[in-house]
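A, B, C, D and E are the chain letters, set down in written order, and residue numbers restart from 1 in every chain.
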Amino acid sequence: DDGDSDSEVDVASNKDCAAKTKEARDAGDLTEVSLQLQWVSQAQFAGYYAAVAQCYYVDEGLDVKIVEGGVDIVPQDVLASGDVDYAISWVPKVLGSIEQGAQITDVAQIFERSATTQISFKDKNITKPADLKGKAVGSWGFGNEWELFAGMQEAGVGVGDINLVQQAFDMNAFLAGDIDAAQAMTYNEYAQVLETVNPDTGKLYTPDDLNVIDWNEVGSAMLQDAIWAQTEKLSDAAYEEQTVKFIKASIKGWAFVRDNPEDAAKIVAESGSELGTSHQLWMTNEVNKLLWPSTNGVGVIDEAAWKQTVDIALHTKNETGATIITKEPPATAYTNEYVEKALAELEEDGVDTKGADFEPITVELKEGGK
Amino acid sequence: MREGRGLTLAAFLSRFRGVLLGVLGVAAVVAAWDLYKAFGPEQGVLVGDTRILPRTTDLAMPHSWEMLQRFGEPVTSLRGAPDAFSAVYDASMFSLGLAARGWVIGVVVGLVLALAMSRFRIVESALLPWVVLSQTVPLIAIAPLVRRWGSEIEIGGYTWTSQDSVAVIAAYLAFFPVAVGALRGLKSPDQTHLDLMHALGVGWWRTLLTLRLPASVPFLLPALRLAAASAVIGAVVAEVSIGLKGGLGRMVIDYAVAASGDPAKPWAPIFGAVAIGLVAAGAVGLLGLVLRPFRLTGAPR
Amino acid sequence: MTHAASDPTAGHAAIQVRGAHRVFGKGRKRVDALSAVDLTVAAGEFVSLIGPSGCGKSTLLRLVADLDSPTSGEISVFGKSARQARLDHDYGIAFQQSGLLPWRTVAGNVELPLKLHGINSDVRRERVEELLELVGLTDFAKSHPDQLSGGMQQRVAIARALAESPRLLLMDEPFGALDEITRERMQNELVRICAETGAAVLFVTHSIPEAVFLSDRVVVMSPRPGRITGVVDVRADGMVAAHDRSAGAREEEGFFRAVGEVRSLLHGTPEPASAARGVDNR
Amino acid sequence: MTHAASDPTAGHAAIQVRGAHRVFGKGRKRVDALSAVDLTVAAGEFVSLIGPSGCGKSTLLRLVADLDSPTSGEISVFGKSARQARLDHDYGIAFQQSGLLPWRTVAGNVELPLKLHGINSDVRRERVEELLELVGLTDFAKSHPDQLSGGMQQRVAIARALAESPRLLLMDEPFGALDEITRERMQNELVRICAETGAAVLFVTHSIPEAVFLSDRVVVMSPRPGRITGVVDVRADGMVAAHDRSAGAREEEGFFRAVGEVRSLLHGTPEPASAARGVDNR
Amino acid sequence: MTTVASAAPARDTRARLPITDVRWSTVLAPLAVGVLVLVAWEWVVDAFDVKPYVLPAPSAIWTQVTDHLDSIVKGARVTGRNALIGTLAGAVLGVAGAMLAGSFRFVDQMAAPVVAALAVIPIVALAPVLYSMFGAAVDTGRIIVAGISVAVPVYLNTLRGLRQVRQVHLDLMTACAASRWQVVRTVTLPTATPYVFTGLRVASSLAVIAALIAEYFGGPIGGLGKSITSSAASSNYPLAWAYVSGAIVLGLLFYVVTLLVELWFSRHHRPS
């Protein structure tokens, strides 16, 4: 491990690919491409890691370097400033940046569904947004809070009506009862709770102990992980072509994750993720549920969903009374042009890009995610 | 000076009294921790609504031996995963390396500033307030900026890496005590000594080398030690901030995810940070041994 | 070790101060540290400056050493400007606080002037040996200053002042920090050393017996403005030239006569009214 | 302001030291700071201790003040143990560094002993006024020590030592840090104050003229081990009792005779060979 | 055991304020530098069309400051309250601990490694576990973090101050047969006070930073730290820097207030 967040994915599990990559690199056949993640390495980004490990990028002539994120890293700004070629970020977070002058475009909406939920213990009786009133409600901030606020606003609960608490990386505040309803990604924090021993029973918590408010069901879900590209460079044919190739290989990676969740989890772990094995697999499986089955093919931006996201971004107020954006985003904010090309090519190659008969696996979480 | 055998233990005790008491002090803290955990109320001690003593649940306060034990266990259940001790050790060394780079940069910058300020009064009045002000800027706010600006830099074949950013951020904390301490040190020589140099017709540079630098050592050493501790803190904060892989900062983020199921785990990087902080400060302390003659006061016997 | 013979500037007085004024501050804070001071020190002569605190003794000495410049008036050292004399290393200087560098050994302190002036190390070693012999500290060459007593430190400082065999020594209360018994011993030493080197000395002190015992002439000063109020020629009181005195000189009649003279010159100036109520004029 | 008349312990000597030993350290580091010291100071008597550095002057004074205890031997103050005398506030003490508390005003420093002993504030104020009058610092009551000259600081320290009208004053080189001219003035003051209060004084000094000028008797000590080598009765040399002297006493013949006697007692003890080469024995 | 004493009158040996003689240049020079830097900064951003996510222009930041002054002040109040309570608690703890360590050598030696460890713990590592221990929905964790960052320098400085007590003063107290408590009140504490303040001065702006960084890791919403991250997360860098300037001003405020308290205190004890 060279200890650098600009680290390359070092995949030992696939010897063939490692050799192939080296060969192609030495021959000078590859174009260097960098991808900025939104957070540190974990199965949330399994598709991209798999695409590297399975040589899908190399097959497209791309030498992809995955750059991890951090607490203070704003992927869309790293992209807008030209430090990387593509970035993964949530649409609501980027809409604000676009209004601030970042010229970037959503070229593939990888996650179709939102993974953000608000969870609470059964005894708190919080089953719908209206129940949050007067409660200690956790949120991470950093742009992760808008679905919560939108859901509450819909139900007539203002930000001032709750005791809003900044949530840490861990779920201890929730478990200790400091927070009544905590924000939880289905693929991460929800699992963290289920990996913890319930002191009352001596066994792990189960889904039966929890009430979950799912923003997809409430109707305030917003679009999450998408691949973003630099708007200006999209007028450059080479970059356009490269974008198609990048999307194509990425989706192929995600298809691999769908079909081989165990292997995918292992690939991510080998990329340096410190998460426990069962936790990693859980995350892989949950992330799969966000993509598959896909309505229009993975990556296609659904206009209704986009509109819902923009609407919420325009009208939801946070604790200071601000909204994400004050005016409609420019037309360049998203395009299906490249993803459709990529899907067509994948179709030709016989890759299933809809996963209509996708069935999630069952993952047993171990204590501490081990 | 012949001593009976019976005396050796007493002599040993008196010589290592400081060390023994130090160990005892740490033991007392550990004992207090476990005793409180054993007998303190589950929800801690509250005065009104304010909790003044912590909760004693396993989640809030793992047993001290669990934290220790945790070091012997593998980090993940992945085959070939290193035990937590070696993981923390590696991360600590990585962070220590970055802190050392930051320290060196900070020391150089601090010294240059101090030299300029001690040479020209106007530079001192113009810069010193800003040097003080610089330390009121929250580190986390500048970390992403440093990374962003750094990525614009490309000198020759060298491209800026995130490691460089971390080192620079560590230097941002480290330069301050050095600048202030060295300034005081450089201005510390007695008028008598300065008069002597003048009477000998010696210029500024020779005076600097013969008098001011040696005279600044007693001020510089504590400053360098403080800078070492600051550099470690800066490096860890910066790692958290920009998510740099390999060090303790990143380990804080990674292990936090396991905090609920494995409450002892997040303590590992804390111990690592304390250890390298002490190592860094101690290493600079060794420098003090080398420079011992310069710490003499010259007061007559 | 006397140099006058081979010196082109021989014949000049060691120090010549003419109409020197030195004013510090301005407006209400103006202090006339020195006013219309005239003073000549002949080559090889030992002259002491004495007077209450603040009368400008140090200021005068610093003007001669070119550590400060006069507001008006002229100062020449061996016929050159004070600045030129400083750059030519024409004088050696010793201060009240011995001013040794604590991190250098005794030898290192003594050789400092030589080293700074680029004398090569063999010559330096030899000279340092000679000097330490002179001040009786050969055995302490490798000690650090804080291992020495105050008196020994002062001897090191004197050795350092003598390092370049200057024909003029400037000393600002070099024994001020010593107890009286050590001090008397140091005075005896200084007489011996001056006799051996034949240097002229300008010596600042607060002590009447010290001034009288050491000097050919004692210059008495008074403050506000700092000026010379009188000069006592100790030789005229029947004592031998300063270089030739022995410890016993302190018991001679001429000594007591000169002490009395200096004391009355010092206290004779009518004191301000407040002094009677006990406000001393430091 | 003398108290002897109304005092039950009157008739006792102020200080009686019998066979006092004080040893510091052990093994190779053992120092015999005091060895077999006998000394009696009568009530109202002024006795000076003089001797080279390290001869045990301060140690002896500290034993009397009960700031330290003898290894063997007996010390009584006004017939009581030193400890009892301290607890009874039987003495006042003044140190070389005046030892004023810099954060208290002059008045605050002077009243400190009274305050510590719970004297009420009206009485305190009156007494402080009296004392400041005595030392001539009435106008400086509200000043802080760092605004005073060294001489004035020492006067404050003396006033503090006198605060409880002790019949015994212990003074450890109180004028050591002053220049000679200020020092002579302070000596004159001290003579006057002692005459007014009639207290006995044990006075440590390095200065021969000071000891002679101030004292009824001068006790000469020598080091390693610290012991008394002689006592000079100044009155026997033809001077009046210490309390009755004037500044002019310094010009009297008896003064010079006593100075000579003390000097020869001090230097007369054969010095170690090294001293001739200039190693002073501090 | 030397008789060599400086001829200077008994100087107040206590640590001095960092205010030497105030001249025009000491006020004007830093202001000139500040103005120069601001102007150059504005010019660079303008001339090279620097994007706000690289470097926002001072004018843009200023606009945000004026637009969001309410919210900045509100945030500063929250963060400042935590820092203030932490500072006070830390100072009391530091002084009390130092007095204990000053009176009993074994306490000092036992505490040494613990204090050294506390001095090098990064807040980022400590904050999360403190939230677990003391609760994440309250400010306690933040206050403790601020308290620790104050207590350590105050402890170390006070201890140093206590060691400056001069032997003469102790001798004087013995000679006056003063009680233990009288010694503490008349000599020990006054000697150490300026050192306490030196420690406080160093620590005061640290407390603000500590309280602010702790906000990154949880706790009630409303402080400056949280506002900085929210604005930065939505790429509103001028606003983020407006909050950062709020934090800087708050840190300076703490510094200046401790300085003034120190001045007042030394005045109170020593009218010049």
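One rule holds for everything that comes next: contacts are C-beta pairs under 8 Å (C-beta built on N, C-alpha and C of every residue); 3 or more make two chains touch, one makes a residue touch a chain.
Predicted, not measured: the structure shown is a model, and the values here were computed from it.
Common partners of chain C and chain E, by the touch rule above, are B, D. Between chain C and chain D, the least number of touching-chain steps is 1. A count of C-beta contacts for the chain pairs B-C and D-E puts D-E on top. Distance between chain centres (mean CA atoms), chain A to chain E: 41 Å. Centroids built from CA atoms put chain C at 84 Å from chain A.
Centroids of chain A and chain B (each the mean of its C-alpha atoms) stand 37 Å apart. The geometric centre of chain A is 86 Å away from that of chain D, both derived from CA atoms. Among the residues of chain D, those in touch with two or more other chains are 53, 149-150, 176, 179, 206, 282. For chain A, residues that reach two or more other chains under the stated contact definition are 71-72, 74, 77, 81, 168-170, 172, 176.
Among the residues of chain B, those touching two or more other chains are numbered 55, 59-60, 140, 144, 148, 240, 256, 259, 263, 266, 299-301.
Contacts from chain B toward chain E in the complex involve residues 17-18, 21-26, 28-29, 44, 49-52, 54-55, 59-61, 121-122, 125-130, 132-133, 135-141, 144-145, 148-149, 152, 229, 232-233, 236-237, 240, 248-249, 252, 256, 259, 263, 266-267, 269-270, 273-274, 276-278, 280-281, 299-301.
Chain E meets chain A in the complex at residues 51-54, 68, 71, 128, 131-132, 135-138, 215-222, 226-227, 229-230, 232-237. Taken in their complex, chain A has these residues touching chain E: 71-72, 74, 76-77, 80-81, 93, 96-97, 100-102, 136, 138, 141-143, 163-170, 172-173, 176, 178-179, 318-320, 324.
Those residues of chain E whose C-beta lies close enough to touch chain D in the complex are 1-3, 5-14, 166, 168-169, 171-178, 182, 186-187, 190, 269-271. Those residues of chain A lying in contact with chain B across their complex are 1-7, 39-41, 68-74, 77-78, 81, 83, 168-172, 175-176, 188, 192-193, 195-197, 199, 269, 272-279, 366-370.
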